[in-house]
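Scrolling down, you'll hit the structures one after another.
What follows is a pair of complexes built around chain A, which joins chain B in one and chain C in the other.
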Partner chain A sequence: MVADGVPGHAGGRLVVALRSEPKTLNPVLAVDEPSRDVIRCLTADLIHINRGSLKTEPSLAKSWTVSRDGRQYTLHLRRGLRFSDGEAFNADDVIFSFQVYLDEKINSSQRDLLVVGGKPIVVVKLDAYTVRFELAQPYAAAERLFDGVAILPRHLVESSYQSGSFSQSWSLSVPPNQFAGLGPFRLKEYIPGQRVVLERNPYYWKADTAGNQLPYLNEIVFLFVASEDAQVIRFQSGDTDVLSRFSAENFAVLQKQQSEKGYRLDDLGPGLEYNFLFFNLNDLSPKGLPEIAKKQAWFQDLRFRQAVSTAIDRDGIVRLVYSGRATPIWDQVTPGNKLWLDDKIPRPVRSLEHARQLLQSAGFSWKSSTLVDPHGEPVEFSILTSSSNAQRMKMATIIQDDLSQLGMTVQVVPLEFHAMVDRLQNSYNYEAAVMGLVSGDADPTSEMNVWLSSGETHLWHPNQDKPATQWESEMDQLMQEQLVTLDYAKRKRIYDRVQEIVAEDLPVICLVSPDILVGAANRMRNFRPAILVPYTLWNVEQLYIQ
Partner chain B sequence: MKYLARRLVHATLLLAAVSLFSFAILQLAPGDFFAPMGLNPQISSRTIAGLRSQYGLDRSFPVRYGHWLHDALKGNLGASFAYNSPVAPLLAVRARNTLLLTGTAMLLAWLIAIPLGMWSAVYRGKWGDRAGAVVTSGLLTVPDLVLFLVLLLVAVRTGWFPTGGMVSAVFGDLNVWNRVKDIAEHLFLPALGLAIATLPPLLRHVRSAMIEVLEAPFIRAARAHGITERRVLFRYALPVAANPLISLFGLSVATMLSTSLLVEVILSWPGIGPLLVDAILAKDVYVVIGTVMLSSVFLVLGSLFADLLLFAADPRMRVE
Partner chain C sequence: MTHRQKLAGSLVLLTSVQILILFAGFFAPYNFAVQDRQRPFAPPTTLHFMDLRGNVHIRPFVYDLEDSGKSILVSQSDSEHCYPILFFVRGMPYKIAGVFTSEVHLFGVEAPGHIFLMGSDAYGRDQFSRFLFGGQISMLAGLIAAILSLSIGIIVGGIAGYYGGWVDELLMRGGELFLALPWLYLLFAVRAALPLHISQWEVFLLLVSVMGLIGWARPARLIRGVVLSARHRNFVVAARGFGASDLYLLRRHVLPETYGVLLTQMTLLIPQYVLAEVTLTFLGLGVGEPLPSWGSLLSSLQQYYVVSSYWWMFLPALLLIPLFLVFYTAADALQELHKSVTL
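And then the complex of A and B:
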């Protein structure tokens, strides 16, 4: 396969710092980002999402056909490919890999993606280089399912799978000769607590436009540097070549020495992360939380939520929390997601006056300067945030201040992340919360569980038996419809309507989407950062050093 | 011998109590390792429940503690959820690195503290002693975090020291002598930082212990006999002043261990610090408990060593 970057030259070593040590090299079990960052360099999938265009492109499958009803995908595999240990690759590896991912006993976090319409995908081998995938229902984003599903070498892992010890296999201490993949690099060495070193895969199957075999780099060294500040310092000193996931403050610090230190910084604009405020709209009767249940009368009133949304100074958040490196948003699709953004969504300016009118029309009034509800109770509630996320804590504080101007008393409650998740998902013991979600993909299917009323991450009121409101019922229908609609333009129209509902009915009050900030040493070429993870190393096979 | 046996019983009880206590505390905190997956729209609760039962998190607290204790007695400290592998080997390599760092730092700290403390005791009240007091109180007020970040900055700006890790990328190609040199270069900054962070209290204690002894009548008598000042200090005063210092040595093991966690995280030293921080944030409970147990063992051994040293140094202890 020919890659489209500028032809470079071979050699050199790339040094990258990870925020923590990867936990495993097993692609079926990896859930943490550092493990996945390393595994992406070692493995390949059948169909890949190009991070530059956010569209699918052939990978191990050189082409595919879709049956007329959209339920059968026939993939034609590339011939003559070899794993990084020199063994040949064919359909048996594909069949085996999907068998492992779909095995319920393995508990792979990727399994749920491969369950369509409640039924696992069925994989059938047609011949040594042709595989058919059968879906229980048509599935609009079916091609995108294959992204990140790394194909395993059957010859190396089948025995451990058969003997039931697959979960323990391919830990970091695996001897390099027991590990193989179809990615541009292969494992060279792991030193616990210090580094993972990858070396060029001599059997890699992509070439550049000049016909040279990829990758260019000889080695990638992943170091483990636990704190963001230490990572920034080491990037600044030239110890590491790439930097991502750092704050706007550090961006400003780095910017000052950009030219003299030989690195460049990029602000890619908004990514796929959307931050939002939401209220507890759960049915609390079985939980016995009378204090919160009483306040739900306010939260359930659309005019109350509209007033809160109108009173929040989104530009203030952009300025104070992100030093301007973020974008205000009014629904869940960020301006970074150009394929799905509905630009007709209104973006009302902040207006305390309008907020007061809304509250008044809902029967609220003011006693001296305190807002009281129709029963004369002062409006007082708390906002949960995760204490490990400094940005969201600041956001909550700004909201607290904005709402105090409406006469509301708001407490900000930073909680340890696990404790916060427990309240949001188990005890429902909270009033409001500030959170963020990073879409796993630009496509709306990755967010099914957020917008379906039966979804487990339908945060404000998860796991509903039947939709509690009219607009949730409409949203359910729309989400199901877009899932099985194969035509992009039609799907776009359907998902536009979902965005409208979010902006109008405000189940979540969307706030801002932070920019993706990255840095790279000047000597690195073909560096094309993207807004979908992995932000920097997605085209690692094409990176070269000047 | 009897004393040693008693100490061993104490130590065992202490370790059992520490394990139960850390287990209970981790249990009390809401949410477990797999809870954050619940916020991932692409993972179902069924998968999460499967993972919980795979790792035994769906069982009751006494059952889990019982299992752990049973396994721990056989040397198996449970499995890490994150690493999908047993805890003991994860800890072993990192503990070695932590010991190297803390051992070096300890040596460095005492090598500085004893002569400097004696010197300021002898010249107490003079400008040198006062300047020393200012510097040590200054160091006491600087948070360790700031101190280590400053060291990191120094390393970056000057380029004299490596900015993290334990060995350089070319370590594999070096001969034995150069490997030792390479580790020493990487060790210098974290060990120095750790020594500086723990130095001030040591220095003050050495000073006050020496002052107390230097004022004793037997020192005056020794001086009156015309014994040289150097001999008075090292042969007569220091051994007597050593008693409280040896006890302090036992205690400083604890300070060292807790401070080393921070220095390891900031300067990327591959010890148990980064592992522990990671495990606490993720609630990888068996790794946390394993690390806590290991630190407790170090602590017990440190104070036992100090007691034995005291036993050897002070005849009065032996009579009891």
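And then the complex of A and C:
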């Protein structure tokens, strides 16, 4: 396969910092970002989402056909490819890989994506280089499903799969000759607590426009650097070549020395992360939390949520939290997602006056500048944030100040991330929280779990048996409908309506979407950062050093 | 300088600092929680005496701040608008000692001018005002915790020293147990177990009491030593011979011997607990936003961009160093004086 981009020259090494040590090299089980960052360089998928164009492109499958009813995908695999250990690749590896991903006992996080209409995808081998995927129902984003589903080498892992020890195989300490993939690099060494080193895969199957085999780089070194500040300092001093996932304040610090230190910085504009405030709308009767249940009378009142949304100074958040490198939002689709953004969603200006009117119409009143509800109870609640996320802590503090101007007493409670998630998802022992989600893909299907009332990430009221409100049931219908609608324009109209519901009924009060900020050493070429994860190394096979 | 002069000097300094802090509302130009979202990380305002035309003003004045476009605000000095500093101005209302409401501030400038003597923080809040108000919480924490420690210390140390024997053994070994406790982790555990609804003041009081309760062992040991030696003094033995009760002996003869130690301990413990509060808040265990304390003023220094870009965020830390020095000078002078009196 020929990759676009400027032909470069071979050699050199790239040094990248990871926030923590990867937990595993097993693509079926990896959930943490560092593991996935490394695995992406080691493996390949059948159909890939090009991070530059956000559209699908052929990868291990050189072409595919779709049956007229949209339920059967026939993929034609490339011939003559070899894994990084030299063994040949064919349809058996594909069949085996999907068998593992779909195995309930393995419990892969990707399994959910491969279950369409309640039934797992059926994979049929037609010949050594042709595979058919059968879906239970038409599925709009079917091609995108294949992205990130790394094909496993059957010859290396089948025995451990048969013996039931697959979950333990391919940890970081796997001997490099026991590991193979179809990615541009292969494992060279792992030094616990320090680094993972990858070397170029001599069997890699892509070439550049001049016909040279890719990748260009000899080595990639992943260092483990625990904090953002430490990563910024290492990048600034030239120890690492690429930097992503850092704050706007650090961007400003790095900017000052941009020219003299030999690196460049890029602000790619809003990405797919949306930050929001939401209230606890769970049914608390089985949990018995009378204090919170009482306050839910406010939270469930749409006018209360509207008043909060109207009172929040989103421009202030953009300015104070992100030094201007963010965009205010009023629904979940960020301006970075141009394919799906509904630009007709109203963007009301901040108005404390309007917020007070809304509260008044909902029966609230003021007793010497303290807001009290119709029963005379003062309006007081706490907002949870993750203590490890400085941005969201700041957002919560700004919201606290905004709402105090409405007479509400708000406490900001920073909690350790897992302690917070436990309250949000299990005990429901919270009143409000500031959170952020990053869509894994620009397509709405990646958001199913958030907007379906039965979804686990339906944060304000997860795992409902049947939708609790009328608008949630409408949202359920719309999300299911967009899933099976094949026509883009039609799907866009459906998803626009979902965005309208989010903006009108405010299950979550969307705040801002931060810009994607990246940095790279000047000597790096073909560096084309994107707003979709992984922001920087998605075209790692094309990167070369001047 | 004699010890007496040293003591007098440091006491005068400490008293003036206490007055500044106690009447923070009057001395601070702004409320500690008011955010100016157009002016985050504004550098300290420069006071001018001469304007651009070369005219000298007797009353100092300030220029307003302008966005330099580089996310750092600069002082705008080419402006025609200067804001003279006014004294005894009316501003935001505040409370004195939590009772009387007033809105007169010592100094200020007319809106839309701003005066940030120590710059502003990430939310555009005046650091100088936050430093003064923050002192209220930090000093109060130090004072309460020190009094708590000393009260327990004097009871336990007094009993152990006076009665001796197995009572002494039991109390002192118990005290050692407290000394060995990793109190920081204990506080982490206490904080994590607290319910969400607890208010900032409750968190504060709880932290302070835990700090004070854990810290009693050291003063208790010292007091026990003093009591132990006082008990065998001739006049105490004589008084007992005349049939004085234990309580009378303790009150009249033994405990007065410990006053010197107590006073020195007090001046040592207060800054120690203020520092403990600073540490706890720095680690995120103290009172939450928007209440300021000296620890929360320092906690932004954990971030690289603050340390590398905004030097004025160090000012609170720099001010605390001489303050603690004065405390220790006072303690030192007290101890020396006490020595020369008892000798």
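In this section, the second predicted complex is superposed on the first by the 546 of 546 C-alpha atoms of A that agree within 3 Å, B and C clash if a C-alpha of one lies under 4 Å from a C-alpha of the other, contacts with A are read in each partner's own complex, and residues count from 1 in each chain.
The definition used in the following text is that contacts are C-beta pairs under 8 Å (C-beta built on N, C-alpha and C of every residue); 3 or more make two chains touch, one makes a residue touch a chain.
Since we're looking at a predicted model, the values are computed, not measured.
In the model built by aligning both structures on chain A, chain B fits alongside chain C without clashing.
After overlaying the two complexes on the shared chain, residue contacts for A:124 are found with neither chain B nor chain C. Of the two partner chains, chain C is the only one touched by A:324; chain B is not.
By the touch criterion defined above, A:171 reaches chain B but does not reach chain C. Chain A is touched at more residues by one of its partners, and among chain B and chain C that partner is B. In the overlay built on the shared chain, the residue A:387 is in contact with chain C alone; chain B does not reach it. Once chain A of one complex is fitted onto chain A of the other, the partner contacts of A:226 are limited to chain B, with no touch recorded for chain C. Looking at the shared chain after the overlay, A:397 reaches chain C, while chain B stays out of its contact range. Once the two complexes are laid over each other on the shared chain, residue contacts for A:291 go to chain C alone; chain B is not touched. In the superposition on chain A, contact of A:411 is made with chain C only, not with chain B.
Looking at the shared chain after the overlay, A:2 reaches neither chain B nor chain C. Minimum Cα-Cα distance between chain B and chain C in the superposed model: 8 Å. Residue overlap on chain A between the chain B contacts of one complex and the chain C contacts of the other covers 229, 233, 419.
Across the complex, chain B meets chain A through its residues 29-32, 35-45, 47, 50-51, 54, 80, 82-85, 89-90, 93-94, 97, 149, 152-153, 155-156, 159, 163-167, 169, 172, 265-268, 270-271, 274-275, 277-278, 281, 283. On the chain C side of its complex with chain A, the touching residues are 33, 35, 37-38, 40, 70-71, 122-124, 192, 196-197, 199-200, 284, 288-290, 303-306, 308-309.
Interface residues of chain A, counted against chain C in their complex, comprise 229, 232-233, 247, 249-250, 252-253, 291, 313, 316, 319-320, 323-324, 382, 384, 387, 390, 394, 397-398, 400-401, 404, 411-414, 419, 429-431. Only residues 13, 15, 20-21, 23-24, 26, 29, 31-32, 104, 107-109, 111-113, 115, 167-168, 171-173, 189, 191-195, 197, 221, 223-227, 229-230, 233-234, 236-237, 239, 388, 416-427, 435, 437, 440, 446-450, 455-457 of chain A touch chain B when the two sit together in their complex.
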